[in-house]
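Multiple structures are listed underneath, in structure tokens.
The same chain A turns up in both complexes below, where it pairs with chain B and then with chain C.
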Partner chain A sequence: MTLTSQVLHLARRSVLRTLRQPANWITPLIFPLALMAVNSGGLDAATSLPGFPTDSFISFFLAFPFIQGALFATVNAGVDLARDIQTGFLNRLALTPMQSAALLVGHLGGVIAMGFLQALWYLTVGLAIGVRIEAGVLGAVVIFVLAVMIVLAFGSFGALAALRTGSTEAVHSLFPVFFVFLFISSMNLPRNLIETEWFQIAASLNPVSYLIEAIRSLVIEGWNGEALALGFGVCIGLTIVGLTLSSLSLRGRLART
Partner chain B sequence: MDRAIEVRGLVREFKGGIRAVAGIDLDVATGEIYGFLGPNGAGKSTTVHMLTTLLPPTAGRARVGGHDIVKEGAAVRRTIGAALQEAALDPLLTGREHLKLQLALHGIPRSERDGRTDALLERVGLRLAADRKIGGYSGGMKRRLDLALALAHRPRILFLDEPTTGLDPQSRSALWDEVVRLKRDEGVTVFLTTQYLEEADVLADRVGIIDHGRLVAEGTPAALKAEIGRPTVEAVPTEDTEPGRVEEVFGRFGELQPSTAGVAVRLDGKGDLADIVRALDSASVRVEALHLHAPTLDDVFLAKTGRSLEGSEEPSEPGPE
Partner chain C sequence: MALAVGWRMLHNNFTTPSLLIPGIAFPMFFFVAFAGGLSRVNDVPGFQFPVGYTAFQFVFVLLQSAAFAGVFTGFGIVRDFETGFARRLMVAAPDRRGILLGYAIGALGRWAVTALVLTAVAMLAGMEVGGNGVDIFALYTLAALVNVTGLLWSAGVAMRLRTLQAAPLMQLPVFLSLFFAPVFVPVELLASWLETIARLNPVTLMLEAGRSLIAGEPAHLVGAFGGVLALIALFSVWAVLGLRRAEAAGGG
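Let's look at the complex of A and B:
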């Protein structure tokens, strides 16, 4: 059986598992948009700040659900993998001729499928409530692609946490940590308008800022090469680091001869 | 002997220098049911994990199905099926989905998967529950599905790690029947770990007893029991009978043994139960009850380790168990 075929079977299982746990897909679809609605209502006055890049806070904030949704997908996927370790299902798979890479890629395949669904939903809702994508239809496609890539990047870290700890509780406990990264970013304000110095420095050091800004640039600016290069660059970098470390952890976890 | 499993000096150490398996040698013949008996933590599951290639040994070597477990792991996995200690199932998948995934990962052609899935479900009595999620299965149903998954690719060697732990008597009996059928009809070699004496006694052609990571005894159940001694007769005297009079009669037939219920003697060949009954009768010694205790595998364990297997538990297997 080819690696591709193994990946497809394991990805199918991953998708089935997600679909059969409604909390795993309803929460990422609803909660980020609810938070966007609340924040946009409360922070709309920020658009009157000198230098704020748009007069629509909801357009400014549309990037947020993509990132928060990716966090949900990541943690849920990590928990699923950790559960496979805890229940011994990983050993069952290890006893088949399955290639180790198929497990990781198949698992992430399910995460990516969830990313597709989420990105489509956030874009649809955004357009339905009147957000205009300044970069046009192609820009929307790029947002979609980047959003799915972000899910893959974050998913690789969820898998890493699961493989390193083998504990669903440990993976769950990462959610607040990821959330801190989200809040200490340019999520609510452009970095140049953040007046608190330490916060501005932290937001500039935080890779999540560049992911948000890449999506945001397509929504409110049009085509901003620098923002896109940074966003895609950070995303690809995170993916490489996450997948490399996950693969190494998988090798240790699947100690089969 | 045509060997399905050959183990020499197998060792597994965990962090802190704990030796879960401390040098095991054993052979299992093709088509044999080998019972691997020992208390919790004795090293049974660690041994199974090594033999099924899930855990590399620290030292020693082993061949399973003619393949080296370290150098030819993939070939070993193609040869074996395994149902490990916990029925490792996904509660969100159905029985049918489990089997289809297992068959696909084993490379069984798509055209054969449906038929093979139905046949396996029928065989383990899960046809009616095939499309229900595992979360709703009973412990016995999970174990049966676990067995079906282990048999999916028609392995020549089957590892069953405490397959009946926690099962009700009916499910246990059904699983025993299936194990016997596998050996009888398909010639499958079965390596069965258990902490149940009765299970090893009923199923196994030969038994290996493991304690503290070492094999302390090996042979057929009958030979092992014969090796450690003769039957014991135990009498409960009536209220008006002086126990000393029973001891006096019993003393003619062998060495007296400690007994909580009355008086016991291990027969030394000078007579059997009938002779004892006749001697008690002729001495006008009345007893309430008379029991003949044939040696059990627990007696074997006791003789070899100084402890009883029943209730015995070792805390020193930090790995798989």
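Let's look at the complex of A and C:
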């Protein structure tokens, strides 16, 4: 069996497994949008703050579901990988001629497929409720590409957690950690409007702020080279770090004696 | 019986880091994220809260932590059913409503520690308090009643379904009622669709009453306390009927 064929088999398994657990795909599709509705309704008045970059809070907040959806997909997929370790599936795979790269790529393939569907859903809902993408159709395509790349970046860390710990519980416990990164960011207000100094510093150090701001810039500003460069740069950097560490962990996990 | 069950819940909570830490850390995190990250909302035209945005958010997080301490105790009830401990409890209890009361004591004790830590953090963060001792006592009493409400709701679900798969059912309605309320700004400043929902949501009155108490300008107290007591009455019936269902199922 070629590497490609191994990857496709494992990716297919990963996708089917997600589809067979409705909670794993319904939650990422519904929950981020519900939170977007609540926050947009609750913080709509913030658009009247001097210097707020748009008069539509829902447009400002549309980046949020992409990031939160990526977190859900990552944790769910990480939990599935950890379950493979706990149930011995990975050990049985290690007895086959499967190449270790196929496991990681196949697993992440499933995460990406989920990210693809999510991004399509969020974008469709956003457009349906009247959000206008200032960067136009090409901007929507770039949002889509970046959203899928973010899922890959986060997914590599979910895989890392699963491979390092081999415990579904440990991967589940990552969710609050990811959540902290999401909330201590420029999610609710632009960084220049965050009044509390330590929060502004934390949000500036937080890579998630740049991912949000890249998507947001395409929605409310149009083409902002700096925001996009930072967003894509952070995303690529996270992916490289996540994949490298995951590969090293996988090597240890699949050590054949 | 009630004291023994309450003591056991508290012992489990305070000796198991995976139960203790999230219960304290999550409210703290929400407080930091909302009060720290959104303090500029204080400058939104029409936003007038005399003791500042930190106190405004503190009341929300206090009530939220109370509700969720109740809900998370429901997870403990489910665990007792899943492990078969509840069956043994039921055999041993002369009046099984004592078990329910014990869980309520556990939930209240659990929240009391969270409230203490949250209050200490808020004071260290420089939160202003306009209310006097009586106002603040009323605020914490309101939160304690919200805690009991959360516990009775989740106990009713836990005793009917007796599986951890019911966790979303315990959490989601509480989460939605808390967030479809004026969380970030007063109700008049919400988007019109959310304002309509918020005005029908009993949590809105509780939040407004709590905020008025911390500001030292009590308002909506009859509505808030009346509402929460009505919910307690309703969910007491819900929880006791759940207990009867669990008994009928043999406690397992």
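Convention: the second predicted complex is superposed on the first by the 256 of 257 C-alpha atoms of A that agree within 3 Å, B and C clash if a C-alpha of one lies under 4 Å from a C-alpha of the other, contacts with A are read in each partner's own complex, and residues count from 1 in each chain.
In the analysis below, contacts are C-beta pairs under 8 Å (C-beta built on N, C-alpha and C of every residue); 3 or more make two chains touch, one makes a residue touch a chain.
Note that the structure is a prediction, hence the values are computed from the model and not measured.
Of the two partner chains, chain B is the only one that A:M98 touches; chain C does not reach it. In the superposed model, A:H9 makes contact with chain B only, not with chain C. Of the two partner chains placed around the shared chain by superposition, neither chain B nor chain C is touched by A:F181. For chain A, the partner that touches more of its residues is C, with chain B and chain C as the two candidates. Of the two partner chains placed by superposition, A:F144 touches none, neither chain B nor chain C. In the superposition on chain A, contact is made by A:L49 with chain C only, not with chain B.
Contacts of A:S40 after superposition on the shared chain: chain C is touched, whereas chain B is not. By the document's definition of touching, of the two partners only chain C reaches A:E195; chain B does not. Across the complex, chain B is touched by residues 1, 5-6, 9, 13, 16-17, 20-21, 84, 87-89, 91-98, 255-257 of chain A.
Chain A contributes residues 23, 34-35, 38-46, 48-49, 173, 176, 179-180, 183-184, 187-189, 193-196, 198-199, 203 to its touches with chain C in the complex. By the touch criterion stated above, chain B contacts chain A in their complex at residues 52-56, 69-71, 73-74, 76-78, 80-82, 84-86, 88-90, 92-93, 97, 101-102, 104-107, 133, 149. Remark: chain C residues 18, 22, 25-26, 29-30, 32-33, 36-47, 168, 176, 179-180, 182-185, 189-191, 193-194 touch chain A in the complex.
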